[in-house]
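Multiple structures follow.
The same subunit A turns up in both complexes below, where it pairs with subunit B and then with subunit C.
Entry: the complex of A and B
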């Protein structure tokens, strides 16, 4: 393709039968948000780990009652829920990356993607139920 | 310096004759003037002309003689024989189909390179002389334009091994950033669209093998992170 005339990306692909046709290469227009959110959720989890560590170290003794009291506070509920959502989203991107790297047949990959995503959504509901039961 | 004998173990495969690849052990007598690995390979070729490898400029400019040397990709013409442990094990670049012996089929590598539009896109009428840049704007291209496309980086990248048809690879992405960073280029947005893809760009997991092996000392990982940075600035 020439340099002038506003033509962008043109790759040459063999479309079978020896016919070579220009092929426009474009991205799938996603990927940035997953990558960015994986980093943001990592920060959220790091901060929560510190909060959690200090909260547990601050307990006089660790038993069912103090444990329940710790998580029944509004702030701790909110922070823990945020942590769980971050963990699940982070895990989604990470596991999906592993599937994309190593699982070649598209049908199997699609099934694995779906099962993983649905499981993680289910876990998120479960976490909410456990937390707000306290 | 006296003549010295060096032991080699070289990957051999001739698809016309061999059922499968094998490693050939051999020793070669080197002259005192033989300093680089390529000198030894030329010496071996004189003994056994069936050994096939690519080479051209023999001084690290053309990028033809990239191969896997003692487990690490590099250019045979730049690596000192005396810096290597024996036997010197030579294999073709990993992850690409072998044509014969140390020669690989680079089609997939160049297909990815072509997919990023590796030339300046500027639709303004060309000025009478050149499109000017300030020295600072020109400096942005340092560490990017020097790539010789030897494929040492892309063929050492596990993400490129697993998805050579979908992941652009470190060499292609370095070239992509070379044009994104160029103030004379007008296709920034199209270039970012072209790369915003979970495979094309985001298969990079910052393993940094590319930085480790680049014979020109370039840093594709930094270029990739600069591309992500441009995407974030565009989207957020």
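Entry: the complex of A and C
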């Protein structure tokens, strides 16, 4: 890395007219953080999926009472909420990637980003209310 | 090799590169198998996201007493809704299996071509099989 104009830039032997300006490689690292969180949330969801599958297989009978009892337990309530939050954050990263790939006009992208983020926050509240009403 | 010849070859290569055929007929190009798994990962994720309101609605009602359960029944009695949910079940399972494959690729497991192909086959097969098993059980 070289220091140029007070900012760290990737080393490029020479950049002149018509060449791509070297990318600034320091910053808030939002991209790396999102990449990492997408994977961490994936692991959380995968583990929950297995817990859920075995919990349902362990039920003698799936009916309204046993289904409700399953999510009334403190552990399952907590785990399910954690799964939901992981899902919403995971979806945020994934859907944003899709927008960045296919939606080029900034105005439309901004609207889609905002709507998606607000929807996901709303879903989180909805799931919390469903679980803690039990 | 004399320097002039090397230079000539470089120029030849550059010309070849710019003359590479660009063939993007989406109907005729064939995506390699890992590519199919990859695009299905995106499609299934987008589908699941779009259907989140329906899924949370069903989850909420399934836990909202007899009345809520009646709402769930009424909705899922429709064959089209059942098919949609079957599709979403596949989407979840495919996204799950492909996701595990991508996590393994992240840690450099199964990177060479035969392993990548085998993994892609496994993802497609296992997710379809599980969809069939769970779908038949729940239908």
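Rule of thumb we're sticking to: the second predicted complex is superposed on the first by the 105 of 134 C-alpha atoms of A that agree within 3 Å, B and C clash if a C-alpha of one lies under 4 Å from a C-alpha of the other, contacts with A are read in each partner's own complex, and residues count from 1 in each chain.
By our rule, a contact is a pair of C-beta atoms (placed from the backbone, for glycine too) under 8 Å apart; a residue touches a chain by one contact, two chains touch by 3 or more.
What you are looking at is a predicted structure, and each value in this text was computed from that prediction instead of being measured.
Q: Could you tell me if A:32 is touching subunit B, subunit C, both of them or neither one (first, second, both, neither)?
A: After superposing on A, A:32 lies in contact with subunit B but is clear of subunit C.
Q: Check whether A:127 is in contact with subunit B, with subunit C, with both or with neither, and answer first, second, both or neither.
A: Only subunit C; A:127 stays clear of subunit B.
Q: For A:102, decide between first (touching subunit B), second (touching subunit C), both and neither.
A: The first partner, subunit B, only.
Q: Between subunit B and subunit C, whom does A:60 touch in the aligned arrangement: first, second, both, or neither?
A: Neither: A:60 stays clear of subunit B and subunit C.
Q: With touch defined as at the start, can you tell me which subunit A residues reach subunit C in the complex?
A: 39, 42-43, 46, 49, 64, 67-68, 71, 91, 94-95, 98, 119, 123, 126-127, 130-131, 133-134
Q: In the complex formed with subunit A, which residues of subunit B make contact?
A: 111, 114-117, 119-123, 158-159, 162-163, 187, 190, 193-203, 205, 228, 231-232, 235-236
Q: Can you check the complex and tell me which residues of subunit A touch subunit B?
A: The contact residues of subunit A facing subunit B are 3-6, 8-12, 25-36, 97, 100-102.
Q: Would you tell me which residues of subunit C are touching subunit A in their complex?
A: Counting only subunit C, the residues touching subunit A are 42, 45-46, 48-49, 52-53, 56, 59-60, 62-66, 69, 96, 99-100, 103, 106.
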